[in-house]
Amino acid sequence: MAFEFTALRRVEFSDTDMAGIMHYSNFFRFMETAEHAFFRSLGFSIVMNHREPAVGWPRVHASCDYKRPLHFEDEVEIKLLIKEKRSKALTYLFIFSKLQPAGKIEVARGQLTVVSVMKDASGKMTACQIPAELAEKIEAAPPESLT
Amino acid sequence: MAFEFTALRRVEFSDTDMAGIMHYSNFFRFMETAEHAFFRSLGFSIVMNHREPAVGWPRVHASCDYKRPLHFEDEVEIKLLIKEKRSKALTYLFIFSKLQPAGKIEVARGQLTVVSVMKDASGKMTACQIPAELAEKIEAAPPESLT
Amino acid sequence: MAFEFTALRRVEFSDTDMAGIMHYSNFFRFMETAEHAFFRSLGFSIVMNHREPAVGWPRVHASCDYKRPLHFEDEVEIKLLIKEKRSKALTYLFIFSKLQPAGKIEVARGQLTVVSVMKDASGKMTACQIPAELAEKIEAAPPESLT
Amino acid sequence: MAFEFTALRRVEFSDTDMAGIMHYSNFFRFMETAEHAFFRSLGFSIVMNHREPAVGWPRVHASCDYKRPLHFEDEVEIKLLIKEKRSKALTYLFIFSKLQPAGKIEVARGQLTVVSVMKDASGKMTACQIPAELAEKIEAAPPESLT
(Lines give C-alpha, C1' and ligand atoms only; values in the text may rest on other atoms or scores of the structure.)
Protein backbone atom coordinates (compact mmCIF):
# COMPACT_ATOMS: atom_id res chain seq x y z
CA MET A 1 0.00 0.00 0.00
CA ALA A 2 1.63 3.20 -1.22
CA PHE A 3 1.14 6.55 0.50
CA GLU A 4 4.12 8.59 -0.69
CA PHE A 5 6.23 9.24 -3.72
CA THR A 6 9.17 11.47 -4.50
CA ALA A 7 9.71 13.20 -7.84
CA LEU A 8 12.74 15.24 -8.86
CA ARG A 9 12.76 18.16 -11.21
CA ARG A 10 15.01 20.98 -12.31
CA VAL A 11 13.70 24.53 -12.63
CA GLU A 12 13.80 25.54 -16.29
CA PHE A 13 14.36 28.95 -17.82
CA SER A 14 10.76 29.06 -19.04
CA ASP A 15 9.59 28.37 -15.47
CA THR A 16 11.09 31.66 -14.28
CA ASP A 17 9.65 35.17 -14.48
CA MET A 18 11.13 38.65 -14.55
CA ALA A 19 11.53 38.57 -10.76
CA GLY A 20 14.25 36.00 -11.43
CA ILE A 21 12.42 33.18 -9.66
CA MET A 22 10.04 30.36 -10.56
CA HIS A 23 6.61 31.79 -11.29
CA TYR A 24 4.22 30.86 -8.49
CA SER A 25 1.75 29.18 -10.87
CA ASN A 26 4.38 26.65 -11.90
CA PHE A 27 4.41 25.01 -8.46
CA PHE A 28 0.96 23.73 -9.45
CA ARG A 29 2.34 22.25 -12.66
CA PHE A 30 5.09 20.58 -10.59
CA MET A 31 2.49 19.09 -8.20
CA GLU A 32 0.81 17.41 -11.13
CA THR A 33 4.13 16.11 -12.41
CA ALA A 34 4.61 14.32 -9.10
CA GLU A 35 1.02 13.04 -9.05
CA HIS A 36 1.29 11.56 -12.54
CA ALA A 37 4.65 9.95 -11.84
CA PHE A 38 3.10 8.48 -8.67
CA PHE A 39 0.33 6.93 -10.77
CA ARG A 40 2.89 5.52 -13.20
CA SER A 41 4.89 4.08 -10.29
CA LEU A 42 1.79 2.03 -9.45
CA GLY A 43 1.33 0.85 -13.02
CA PHE A 44 -1.39 3.35 -13.97
CA SER A 45 -1.80 6.52 -15.95
CA ILE A 46 -3.85 9.43 -14.66
CA VAL A 47 -5.54 9.25 -18.06
CA MET A 48 -7.66 6.15 -17.59
CA ASN A 49 -9.10 6.01 -21.06
CA HIS A 50 -8.57 2.27 -21.30
CA ARG A 51 -11.42 1.76 -18.85
CA GLU A 52 -15.02 1.69 -19.95
CA PRO A 53 -16.29 4.22 -19.06
CA ALA A 54 -13.16 6.41 -18.91
CA VAL A 55 -12.29 7.83 -15.49
CA GLY A 56 -11.03 11.40 -15.11
CA TRP A 57 -9.60 13.32 -12.16
CA PRO A 58 -10.74 16.95 -12.09
CA ARG A 59 -9.13 19.15 -9.47
CA VAL A 60 -11.54 20.73 -6.99
CA HIS A 61 -9.07 22.45 -4.68
CA ALA A 62 -5.47 23.57 -5.00
CA SER A 63 -3.33 25.60 -2.65
CA CYS A 64 0.30 26.46 -2.01
CA ASP A 65 2.25 28.21 0.72
CA TYR A 66 5.54 29.68 -0.42
CA LYS A 67 8.45 30.01 2.01
CA ARG A 68 11.48 30.52 -0.21
CA PRO A 69 11.90 31.16 -3.93
CA LEU A 70 13.20 28.66 -6.47
CA HIS A 71 15.72 29.77 -9.09
CA PHE A 72 16.78 28.62 -12.54
CA GLU A 73 18.52 25.23 -12.50
CA ASP A 74 17.62 24.54 -8.87
CA GLU A 75 17.05 20.85 -8.32
CA VAL A 76 13.74 20.34 -6.58
CA GLU A 77 12.39 17.37 -4.70
CA ILE A 78 8.61 17.13 -4.77
CA LYS A 79 7.41 14.76 -2.08
CA LEU A 80 3.81 13.63 -2.52
CA LEU A 81 1.89 12.24 0.44
CA ILE A 82 -1.70 11.03 0.44
CA LYS A 83 -3.23 13.22 3.09
CA GLU A 84 -6.72 11.85 2.77
CA LYS A 85 -8.25 8.95 0.88
CA ARG A 86 -12.00 8.97 0.49
CA SER A 87 -14.19 6.74 -1.64
CA LYS A 88 -14.39 9.27 -4.49
CA ALA A 89 -11.61 11.75 -3.74
CA LEU A 90 -7.94 12.04 -2.86
CA THR A 91 -6.14 14.88 -1.13
CA TYR A 92 -2.41 15.11 -1.64
CA LEU A 93 0.15 17.06 0.35
CA PHE A 94 3.24 18.17 -1.57
CA ILE A 95 6.46 19.21 0.14
CA PHE A 96 8.84 21.08 -2.16
CA SER A 97 12.50 21.05 -1.16
CA LYS A 98 15.51 22.50 -2.87
CA LEU A 99 18.42 20.09 -3.08
CA GLN A 100 21.73 21.60 -2.12
CA PRO A 101 25.17 20.19 -1.42
CA ALA A 102 24.66 20.99 2.28
CA GLY A 103 21.33 19.18 2.40
CA LYS A 104 17.80 19.93 1.34
CA ILE A 105 15.72 22.88 2.41
CA GLU A 106 11.94 23.12 2.29
CA VAL A 107 10.71 25.91 0.04
CA ALA A 108 6.94 25.37 -0.27
CA ARG A 109 3.99 23.16 0.64
CA GLY A 110 1.03 22.52 -1.59
CA GLN A 111 -2.22 20.65 -1.45
CA LEU A 112 -4.47 19.25 -4.12
CA THR A 113 -7.87 17.59 -3.90
CA VAL A 114 -8.96 15.56 -6.89
CA VAL A 115 -12.20 13.72 -7.52
CA SER A 116 -12.63 10.64 -9.68
CA VAL A 117 -15.39 11.05 -12.24
CA MET A 118 -16.80 9.15 -15.16
CA LYS A 119 -18.55 10.50 -18.20
CA ASP A 120 -21.90 9.15 -19.27
CA ALA A 121 -22.89 8.83 -22.93
CA SER A 122 -23.97 12.48 -23.11
CA GLY A 123 -20.57 13.63 -21.83
CA LYS A 124 -21.87 14.59 -18.39
CA MET A 125 -19.37 13.89 -15.60
CA THR A 126 -20.43 12.26 -12.34
CA ALA A 127 -18.28 11.54 -9.29
CA CYS A 128 -17.55 7.82 -9.01
CA GLN A 129 -15.71 5.42 -6.74
CA ILE A 130 -11.94 5.47 -7.19
CA PRO A 131 -11.30 2.49 -9.49
CA ALA A 132 -10.81 -0.56 -7.27
CA GLU A 133 -7.53 -1.62 -8.92
CA LEU A 134 -6.04 1.74 -7.89
CA ALA A 135 -7.81 2.11 -4.54
CA GLU A 136 -6.38 -1.17 -3.30
CA LYS A 137 -2.84 -0.01 -3.93
CA ILE A 138 -2.94 3.26 -2.02
CA GLU A 139 -3.69 4.42 1.51
CA ALA A 140 -3.54 7.60 3.55
CA ALA A 141 -0.12 8.51 4.89
CA PRO A 142 0.40 8.14 8.65
CA PRO A 143 -0.42 11.49 10.30
CA GLU A 144 3.11 11.97 11.63
CA SER A 145 4.51 11.96 8.08
CA LEU A 146 2.41 15.01 7.17
CA THR A 147 4.02 17.45 9.56
CA MET B 1 -10.57 54.21 -1.90
CA ALA B 2 -10.66 51.17 -4.18
CA PHE B 3 -11.46 47.68 -2.92
CA GLU B 4 -12.57 45.86 -6.07
CA PHE B 5 -11.77 45.54 -9.73
CA THR B 6 -13.12 43.49 -12.60
CA ALA B 7 -11.00 42.07 -15.41
CA LEU B 8 -12.25 40.25 -18.49
CA ARG B 9 -10.46 37.53 -20.33
CA ARG B 10 -11.10 34.90 -22.94
CA VAL B 11 -9.81 31.34 -22.50
CA GLU B 12 -7.19 30.63 -25.14
CA PHE B 13 -6.34 27.40 -26.88
CA SER B 14 -2.98 27.26 -25.10
CA ASP B 15 -4.79 27.59 -21.75
CA THR B 16 -6.58 24.28 -22.31
CA ASP B 17 -5.33 20.76 -21.68
CA MET B 18 -6.17 17.34 -23.11
CA ALA B 19 -9.20 17.12 -20.82
CA GLY B 20 -10.66 19.84 -23.03
CA ILE B 21 -10.80 22.44 -20.27
CA MET B 22 -8.63 25.23 -18.92
CA HIS B 23 -5.69 23.75 -17.03
CA TYR B 24 -6.14 24.35 -13.31
CA SER B 25 -2.78 26.13 -12.98
CA ASN B 26 -3.91 28.83 -15.40
CA PHE B 27 -6.48 30.17 -12.94
CA PHE B 28 -3.46 31.41 -10.99
CA ARG B 29 -2.13 33.21 -14.05
CA PHE B 30 -5.56 34.80 -14.52
CA MET B 31 -5.60 35.98 -10.87
CA GLU B 32 -2.37 37.84 -11.50
CA THR B 33 -3.74 39.35 -14.68
CA ALA B 34 -6.56 40.88 -12.63
CA GLU B 35 -4.19 42.02 -9.87
CA HIS B 36 -1.88 43.79 -12.31
CA ALA B 37 -4.76 45.47 -14.15
CA PHE B 38 -6.05 46.60 -10.75
CA PHE B 39 -2.69 48.23 -10.03
CA ARG B 40 -2.72 49.93 -13.43
CA SER B 41 -6.26 51.19 -12.79
CA LEU B 42 -4.81 53.05 -9.78
CA GLY B 43 -1.94 54.50 -11.77
CA PHE B 44 0.71 51.99 -10.65
CA SER B 45 2.55 48.99 -11.97
CA ILE B 46 3.10 45.91 -9.84
CA VAL B 47 6.74 46.32 -10.89
CA MET B 48 7.70 49.29 -8.76
CA ASN B 49 11.22 49.67 -10.04
CA HIS B 50 10.88 53.43 -10.28
CA ARG B 51 11.04 53.62 -6.50
CA GLU B 52 14.31 53.65 -4.63
CA PRO B 53 14.63 51.02 -3.30
CA ALA B 54 12.46 48.94 -5.66
CA VAL B 55 9.42 47.26 -4.09
CA GLY B 56 8.41 43.73 -5.05
CA TRP B 57 5.35 41.63 -4.27
CA PRO B 58 6.20 37.97 -3.69
CA ARG B 59 3.26 35.62 -3.26
CA VAL B 60 3.17 33.75 0.05
CA HIS B 61 -0.13 31.94 -0.32
CA ALA B 62 -2.31 30.96 -3.27
CA SER B 63 -5.42 28.81 -3.41
CA CYS B 64 -8.34 28.04 -5.68
CA ASP B 65 -11.61 26.15 -5.39
CA TYR B 66 -12.98 24.90 -8.70
CA LYS B 67 -16.72 24.48 -9.20
CA ARG B 68 -17.16 24.26 -12.95
CA PRO B 69 -14.70 23.95 -15.83
CA LEU B 70 -13.81 26.69 -18.31
CA HIS B 71 -13.60 25.89 -22.01
CA PHE B 72 -11.85 27.37 -25.04
CA GLU B 73 -13.19 30.80 -26.00
CA ASP B 74 -15.24 31.15 -22.82
CA GLU B 75 -15.40 34.76 -21.72
CA VAL B 76 -14.42 35.01 -18.09
CA GLU B 77 -14.95 37.77 -15.59
CA ILE B 78 -12.34 37.87 -12.86
CA LYS B 79 -13.57 39.96 -9.96
CA LEU B 80 -10.83 40.98 -7.52
CA LEU B 81 -11.74 42.06 -4.00
CA ILE B 82 -9.33 43.14 -1.28
CA LYS B 83 -10.14 40.68 1.45
CA GLU B 84 -7.57 41.95 3.89
CA LYS B 85 -5.25 44.93 3.96
CA ARG B 86 -2.40 44.81 6.43
CA SER B 87 0.58 47.12 6.78
CA LYS B 88 2.88 44.83 4.78
CA ALA B 89 0.53 42.40 3.05
CA LEU B 90 -2.62 42.18 0.96
CA THR B 91 -5.01 39.27 0.59
CA TYR B 92 -7.17 39.21 -2.52
CA LEU B 93 -10.30 37.21 -3.19
CA PHE B 94 -10.97 36.37 -6.85
CA ILE B 95 -14.38 35.31 -8.13
CA PHE B 96 -14.27 33.73 -11.57
CA SER B 97 -17.50 33.80 -13.56
CA LYS B 98 -18.25 32.61 -17.05
CA LEU B 99 -20.18 35.14 -19.10
CA GLN B 100 -23.09 33.66 -20.99
CA PRO B 101 -26.01 35.12 -22.91
CA ALA B 102 -28.31 34.00 -20.09
CA GLY B 103 -26.18 35.68 -17.42
CA LYS B 104 -22.97 34.91 -15.64
CA ILE B 105 -22.23 31.79 -13.65
CA GLU B 106 -19.54 31.44 -10.97
CA VAL B 107 -16.94 28.81 -11.85
CA ALA B 108 -14.18 29.22 -9.26
CA ARG B 109 -12.90 31.25 -6.31
CA GLY B 110 -9.29 31.97 -5.60
CA GLN B 111 -7.24 33.70 -2.98
CA LEU B 112 -3.80 35.23 -3.05
CA THR B 113 -1.71 36.75 -0.26
CA VAL B 114 1.15 38.98 -1.34
CA VAL B 115 3.76 40.74 0.75
CA SER B 116 5.51 43.97 -0.13
CA VAL B 117 9.27 43.68 0.10
CA MET B 118 12.30 45.77 -0.67
CA LYS B 119 15.77 44.60 -1.58
CA ASP B 120 18.79 45.92 0.25
CA ALA B 121 22.13 46.51 -1.48
CA SER B 122 23.13 42.84 -1.11
CA GLY B 123 19.91 41.70 -2.82
CA LYS B 124 18.33 40.42 0.40
CA MET B 125 14.56 40.98 0.51
CA THR B 126 12.84 42.30 3.63
CA ALA B 127 9.11 42.83 4.18
CA CYS B 128 8.28 46.53 4.15
CA GLN B 129 5.28 48.82 4.55
CA ILE B 130 3.05 48.95 1.50
CA PRO B 131 4.16 52.13 -0.30
CA ALA B 132 2.08 55.01 1.10
CA GLU B 133 1.00 56.30 -2.32
CA LEU B 134 -0.62 52.93 -2.99
CA ALA B 135 -1.86 52.23 0.55
CA GLU B 136 -3.85 55.44 0.62
CA LYS B 137 -5.78 54.46 -2.49
CA ILE B 138 -6.98 51.03 -1.39
CA GLU B 139 -9.01 49.56 1.44
CA ALA B 140 -10.47 46.22 2.46
CA ALA B 141 -13.75 45.32 0.79
CA PRO B 142 -16.86 45.39 2.99
CA PRO B 143 -17.36 41.89 4.43
CA GLU B 144 -20.73 41.42 2.72
CA SER B 145 -19.10 41.80 -0.72
CA LEU B 146 -16.91 38.76 -0.05
CA THR B 147 -19.66 36.18 0.18
CA MET C 1 -12.81 38.60 -48.65
CA ALA C 2 -10.60 38.98 -45.59
CA PHE C 3 -6.82 38.73 -45.72
CA GLU C 4 -5.70 40.53 -42.58
CA PHE C 5 -6.62 41.00 -38.97
CA THR C 6 -5.13 42.91 -36.06
CA ALA C 7 -5.16 41.68 -32.47
CA LEU C 8 -3.97 43.60 -29.43
CA ARG C 9 -2.45 42.14 -26.34
CA ARG C 10 -0.55 43.20 -23.26
CA VAL C 11 2.52 41.29 -22.08
CA GLU C 12 1.76 39.65 -18.74
CA PHE C 13 4.05 38.93 -15.84
CA SER C 14 3.78 35.19 -16.47
CA ASP C 15 4.86 35.78 -20.08
CA THR C 16 8.25 37.08 -18.93
CA ASP C 17 11.34 35.13 -17.94
CA MET C 18 14.33 35.84 -15.72
CA ALA C 19 15.98 37.81 -18.53
CA GLY C 20 13.23 40.37 -17.87
CA ILE C 21 11.62 39.98 -21.29
CA MET C 22 8.83 37.96 -22.86
CA HIS C 23 9.96 34.35 -23.25
CA TYR C 24 10.51 33.59 -26.91
CA SER C 25 8.09 30.66 -26.91
CA ASN C 26 5.22 32.97 -25.98
CA PHE C 27 5.33 34.73 -29.34
CA PHE C 28 3.92 31.47 -30.70
CA ARG C 29 1.06 31.57 -28.20
CA PHE C 30 0.38 35.17 -29.27
CA MET C 31 0.29 34.14 -32.96
CA GLU C 32 -2.46 31.68 -32.15
CA THR C 33 -4.36 34.29 -30.20
CA ALA C 34 -4.48 36.42 -33.33
CA GLU C 35 -5.39 33.46 -35.55
CA HIS C 36 -8.31 32.45 -33.35
CA ALA C 37 -9.61 36.02 -33.04
CA PHE C 38 -9.39 36.23 -36.84
CA PHE C 39 -11.58 33.14 -37.13
CA ARG C 40 -14.07 34.61 -34.67
CA SER C 41 -14.13 37.86 -36.65
CA LEU C 42 -15.40 35.80 -39.59
CA GLY C 43 -18.05 34.06 -37.52
CA PHE C 44 -16.13 30.82 -36.94
CA SER C 45 -14.20 29.09 -34.22
CA ILE C 46 -10.90 27.36 -34.92
CA VAL C 47 -12.53 24.42 -33.13
CA MET C 48 -14.95 23.27 -35.79
CA ASN C 49 -16.58 20.50 -33.81
CA HIS C 50 -20.03 21.50 -34.98
CA ARG C 51 -19.22 20.09 -38.40
CA GLU C 52 -19.59 16.44 -39.22
CA PRO C 53 -16.88 15.27 -39.41
CA ALA C 54 -15.03 17.75 -37.18
CA VAL C 55 -12.25 19.74 -38.83
CA GLY C 56 -8.98 20.42 -37.02
CA TRP C 57 -6.02 22.65 -37.84
CA PRO C 58 -2.70 21.08 -36.89
CA ARG C 59 0.37 23.27 -37.26
CA VAL C 60 3.03 21.91 -39.62
CA HIS C 61 5.48 24.80 -39.54
CA ALA C 62 6.15 27.67 -37.17
CA SER C 63 8.92 30.24 -37.16
CA CYS C 64 9.78 33.58 -35.65
CA ASP C 65 12.47 36.21 -36.15
CA TYR C 66 13.09 38.40 -33.12
CA LYS C 67 14.32 41.96 -33.55
CA ARG C 68 13.60 43.63 -30.23
CA PRO C 69 12.46 42.31 -26.86
CA LEU C 70 9.01 42.78 -25.35
CA HIS C 71 8.70 43.72 -21.69
CA PHE C 72 6.04 43.39 -18.99
CA GLU C 73 2.96 45.51 -19.67
CA ASP C 74 4.04 46.38 -23.21
CA GLU C 75 1.04 46.72 -25.49
CA VAL C 76 1.54 44.61 -28.57
CA GLU C 77 -0.17 44.70 -31.90
CA ILE C 78 -0.21 41.37 -33.69
CA LYS C 79 -1.03 41.83 -37.33
CA LEU C 80 -2.04 38.64 -39.12
CA LEU C 81 -1.83 38.42 -42.91
CA ILE C 82 -2.72 35.44 -45.05
CA LYS C 83 0.51 34.85 -46.88
CA GLU C 84 -0.67 31.84 -48.82
CA LYS C 85 -4.02 30.16 -49.28
CA ARG C 86 -3.99 26.66 -50.66
CA SER C 87 -6.82 24.16 -50.95
CA LYS C 88 -5.86 22.35 -47.74
CA ALA C 89 -3.46 24.73 -46.00
CA LEU C 90 -3.00 28.32 -44.91
CA THR C 91 0.23 30.19 -44.22
CA TYR C 92 0.01 33.24 -42.01
CA LEU C 93 2.50 36.04 -41.57
CA PHE C 94 2.46 37.78 -38.19
CA ILE C 95 3.98 41.20 -37.62
CA PHE C 96 4.48 42.03 -33.94
CA SER C 97 4.72 45.72 -33.06
CA LYS C 98 5.07 47.42 -29.74
CA LEU C 99 2.68 50.31 -29.29
CA GLN C 100 4.28 53.41 -27.86
CA PRO C 101 3.19 57.01 -27.44
CA ALA C 102 5.61 57.98 -30.20
CA GLY C 103 4.23 55.37 -32.62
CA LYS C 104 4.58 51.66 -33.08
CA ILE C 105 7.80 49.80 -33.59
CA GLU C 106 8.16 46.34 -35.13
CA VAL C 107 9.66 43.80 -32.74
CA ALA C 108 9.25 40.42 -34.45
CA ARG C 109 7.86 38.55 -37.43
CA GLY C 110 6.42 35.08 -37.32
CA GLN C 111 5.00 32.58 -39.72
CA LEU C 112 2.65 29.66 -39.24
CA THR C 113 1.46 27.01 -41.69
CA VAL C 114 -1.65 25.10 -40.71
CA VAL C 115 -3.41 22.27 -42.48
CA SER C 116 -7.10 21.47 -42.32
CA VAL C 117 -7.75 17.85 -41.40
CA MET C 118 -10.69 15.67 -40.57
CA LYS C 119 -10.78 12.59 -38.42
CA ASP C 120 -12.28 9.37 -39.66
CA ALA C 121 -14.18 6.96 -37.41
CA SER C 122 -10.95 5.34 -36.20
CA GLY C 123 -9.52 8.73 -35.17
CA LYS C 124 -7.05 8.87 -38.05
CA MET C 125 -6.53 12.41 -39.38
CA THR C 126 -6.44 13.14 -43.11
CA ALA C 127 -5.81 16.47 -44.81
CA CYS C 128 -9.03 17.84 -46.28
CA GLN C 129 -10.24 20.86 -48.25
CA ILE C 130 -10.60 24.00 -46.16
CA PRO C 131 -14.33 24.09 -45.33
CA ALA C 132 -16.06 26.01 -48.14
CA GLU C 133 -17.91 28.39 -45.81
CA LEU C 134 -14.53 29.56 -44.49
CA ALA C 135 -12.59 29.38 -47.77
CA GLU C 136 -15.01 31.72 -49.50
CA LYS C 137 -14.44 34.40 -46.89
CA ILE C 138 -10.65 34.60 -47.04
CA GLU C 139 -8.01 35.25 -49.63
CA ALA C 140 -4.25 35.72 -49.81
CA ALA C 141 -3.00 39.18 -48.90
CA PRO C 142 -1.64 41.30 -51.75
CA PRO C 143 2.13 40.70 -51.96
CA GLU C 144 2.98 44.32 -51.20
CA SER C 145 1.27 44.07 -47.80
CA LEU C 146 3.67 41.32 -46.75
CA THR C 147 6.84 43.35 -46.83
CA MET D 1 35.06 19.36 -28.83
CA ALA D 2 31.34 18.79 -28.39
CA PHE D 3 28.84 19.19 -31.22
CA GLU D 4 25.85 17.19 -30.03
CA PHE D 5 23.85 16.39 -26.95
CA THR D 6 20.79 14.30 -26.21
CA ALA D 7 18.16 15.21 -23.65
CA LEU D 8 15.17 13.12 -22.61
CA ARG D 9 11.84 14.38 -21.50
CA ARG D 10 8.34 13.14 -20.87
CA VAL D 11 5.31 15.04 -22.16
CA GLU D 12 3.34 16.36 -19.20
CA PHE D 13 -0.38 16.93 -18.84
CA SER D 14 0.15 20.70 -18.76
CA ASP D 15 2.07 20.44 -22.06
CA THR D 16 -1.05 19.18 -23.84
CA ASP D 17 -3.96 21.15 -25.28
CA MET D 18 -7.59 20.36 -26.00
CA ALA D 19 -6.60 18.68 -29.28
CA GLY D 20 -5.11 15.98 -27.04
CA ILE D 21 -1.54 16.60 -28.16
CA MET D 22 1.45 18.65 -27.03
CA HIS D 23 0.83 22.31 -27.81
CA TYR D 24 3.09 23.41 -30.65
CA SER D 25 4.65 26.23 -28.63
CA ASN D 26 6.02 23.74 -26.10
CA PHE D 27 8.45 22.28 -28.61
CA PHE D 28 10.28 25.59 -28.23
CA ARG D 29 10.43 25.16 -24.47
CA PHE D 30 11.80 21.65 -24.98
CA MET D 31 14.50 22.98 -27.34
CA GLU D 32 15.72 25.27 -24.59
CA THR D 33 15.68 22.43 -22.09
CA ALA D 34 18.13 20.56 -24.31
CA GLU D 35 20.26 23.66 -24.90
CA HIS D 36 20.62 24.37 -21.19
CA ALA D 37 21.40 20.74 -20.34
CA PHE D 38 24.04 20.85 -23.10
CA PHE D 39 25.63 23.88 -21.45
CA ARG D 40 25.60 22.13 -18.08
CA SER D 41 27.20 19.05 -19.64
CA LEU D 42 30.14 21.29 -20.56
CA GLY D 43 30.39 22.75 -17.06
CA PHE D 44 28.53 26.01 -17.81
CA SER D 45 25.16 27.57 -17.23
CA ILE D 46 23.37 29.50 -19.94
CA VAL D 47 23.06 32.20 -17.30
CA MET D 48 26.61 33.48 -17.24
CA ASN D 49 26.19 36.01 -14.48
CA HIS D 50 29.45 34.99 -12.84
CA ARG D 51 31.33 36.70 -15.64
CA GLU D 52 32.03 40.40 -15.62
CA PRO D 53 30.27 41.68 -17.63
CA ALA D 54 27.48 39.08 -17.67
CA VAL D 55 26.87 37.33 -20.99
CA GLY D 56 23.32 36.60 -22.19
CA TRP D 57 21.97 34.58 -25.11
CA PRO D 58 18.94 36.21 -26.74
CA ARG D 59 17.19 34.18 -29.41
CA VAL D 60 17.05 35.80 -32.84
CA HIS D 61 15.43 33.01 -34.83
CA ALA D 62 13.34 29.98 -33.94
CA SER D 63 11.54 27.52 -36.16
CA CYS D 64 9.97 24.09 -36.03
CA ASP D 65 8.58 21.62 -38.57
CA TYR D 66 6.03 19.20 -37.14
CA LYS D 67 5.63 15.74 -38.62
CA ARG D 68 3.75 13.78 -35.98
CA PRO D 69 2.03 14.78 -32.74
CA LEU D 70 3.30 14.06 -29.25
CA HIS D 71 0.89 12.80 -26.59
CA PHE D 72 0.74 12.82 -22.81
CA GLU D 73 3.42 10.65 -21.20
CA ASP D 74 5.29 10.13 -24.45
CA GLU D 75 9.00 9.86 -23.85
CA VAL D 76 10.83 12.23 -26.13
CA GLU D 77 14.45 12.35 -27.17
CA ILE D 78 15.64 15.83 -28.06
CA LYS D 79 18.88 15.63 -29.99
CA LEU D 80 20.77 18.91 -30.20
CA LEU D 81 23.37 19.45 -32.91
CA ILE D 82 25.44 22.56 -33.47
CA LYS D 83 24.54 23.42 -37.02
CA GLU D 84 26.64 26.52 -37.22
CA LYS D 85 29.21 28.14 -34.95
CA ARG D 86 30.08 31.74 -35.63
CA SER D 87 32.13 34.14 -33.56
CA LYS D 88 29.08 35.71 -31.93
CA ALA D 89 26.25 33.29 -32.69
CA LEU D 90 25.26 29.65 -32.58
CA THR D 91 22.62 27.84 -34.62
CA TYR D 92 21.27 24.60 -33.21
CA LEU D 93 19.34 21.87 -34.96
CA PHE D 94 16.98 19.85 -32.77
CA ILE D 95 15.64 16.45 -33.78
CA PHE D 96 12.64 15.34 -31.71
CA SER D 97 11.97 11.62 -31.58
CA LYS D 98 9.37 9.67 -29.73
CA LEU D 99 10.78 6.67 -27.91
CA GLN D 100 8.76 3.52 -28.39
CA PRO D 101 9.33 -0.14 -27.60
CA ALA D 102 9.74 -0.80 -31.33
CA GLY D 103 12.35 1.94 -31.71
CA LYS D 104 12.30 5.69 -31.98
CA ILE D 105 10.41 7.71 -34.54
CA GLU D 106 11.15 11.29 -35.57
CA VAL D 107 8.28 13.67 -34.83
CA ALA D 108 9.70 17.16 -35.41
CA ARG D 109 12.77 19.22 -36.27
CA GLY D 110 13.54 22.61 -34.87
CA GLN D 111 16.15 25.27 -35.23
CA LEU D 112 17.31 28.05 -32.97
CA THR D 113 19.82 30.83 -33.54
CA VAL D 114 21.17 32.55 -30.45
CA VAL D 115 23.57 35.46 -30.14
CA SER D 116 25.93 36.10 -27.26
CA VAL D 117 25.59 39.59 -25.87
CA MET D 118 26.91 41.60 -22.97
CA LYS D 119 25.32 44.48 -21.19
CA ASP D 120 27.16 47.72 -20.67
CA ALA D 121 26.75 49.86 -17.54
CA SER D 122 23.60 51.51 -18.94
CA GLY D 123 21.97 48.13 -19.56
CA LYS D 124 22.36 48.30 -23.32
CA MET D 125 23.10 44.91 -24.92
CA THR D 126 25.78 44.49 -27.56
CA ALA D 127 26.68 41.34 -29.47
CA CYS D 128 30.01 39.96 -28.24
CA GLN D 129 32.37 37.08 -28.96
CA ILE D 130 31.21 33.77 -27.53
CA PRO D 131 33.15 33.47 -24.27
CA ALA D 132 36.46 31.75 -25.07
CA GLU D 133 36.11 29.11 -22.33
CA LEU D 134 32.89 27.94 -24.01
CA ALA D 135 33.93 28.48 -27.62
CA GLU D 136 36.94 26.21 -27.21
CA LYS D 137 34.75 23.33 -26.07
CA ILE D 138 32.27 23.30 -28.94
CA GLU D 139 32.35 22.95 -32.70
CA ALA D 140 29.94 22.63 -35.60
CA ALA D 141 28.56 19.15 -36.18
CA PRO D 142 29.77 17.32 -39.29
CA PRO D 143 27.34 18.05 -42.14
CA GLU D 144 26.33 14.41 -42.52
CA SER D 145 24.99 14.34 -38.95
CA LEU D 146 22.51 17.09 -39.77
CA THR D 147 20.47 15.20 -42.33
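Which chain is which? They are A, B, C and D, in the order written, and residues in each are numbered from 1.
We adopt the following convention: a residue touches a chain if its C-beta (ideal position, glycine included) is under 8 Å from a C-beta of that chain, and two chains touch if they have at least 3 such contacts.
Quantities reported herein were computed from a predicted structural model and do not represent experimental measurements.
Q: Going by the stated contact rule, which chains contact subunit A and subunit B alike?
A: Where subunit A and subunit B share a partner, that partner set is C, D.
Q: For the pairs C-D and B-D, output the one whose chains share more C-beta pairs in contact.
A: Result of the comparison of C-D and B-D: C-D.
Q: Over half of the contact pairs shared by residue number: find the pair among A-C, C-D or A-D that meets that against A-B.
A: C-D
Q: So how far apart, in whole Å, are subunit B and subunit C when each is placed at the average of its C-alpha atoms?
A: Centre separation, subunit B to subunit C: 29 Å.
Q: Counting only Cα atoms for the centres, state how far subunit C is from subunit D in Å.
A: It comes to 24 Å between the two C-alpha centres.
Q: In whole angstrom, how far does the Cα centroid of subunit B sit from the Cα centroid of subunit D?
A: 34
Q: Residues touching two or more other chains, restricted to subunit C: which are they?
A: Residue numbers touching two or more other chains: 13-14, 18-19, 25, 29, 32, 47, 72.
Q: Which residues of subunit A touch subunit D once you look at their complex with the stated criterion?
A: Within the complex, subunit A contacts subunit D at residues 12-14, 29, 32-33, 36, 40, 45-47, 72-73.
Q: Write out the stretch or stretches of subunit B touching subunit D in their complex.
A: Of all residues in subunit B, those touching subunit D are 13-14, 16-21, 23, 25, 72.
Q: Would you mind writing out the residues of subunit C in touch with subunit D in their complex?
A: Going by the criterion above, the answer is residues 18-19, 24-26, 28-29, 32, 47, 56, 58-66, 69.
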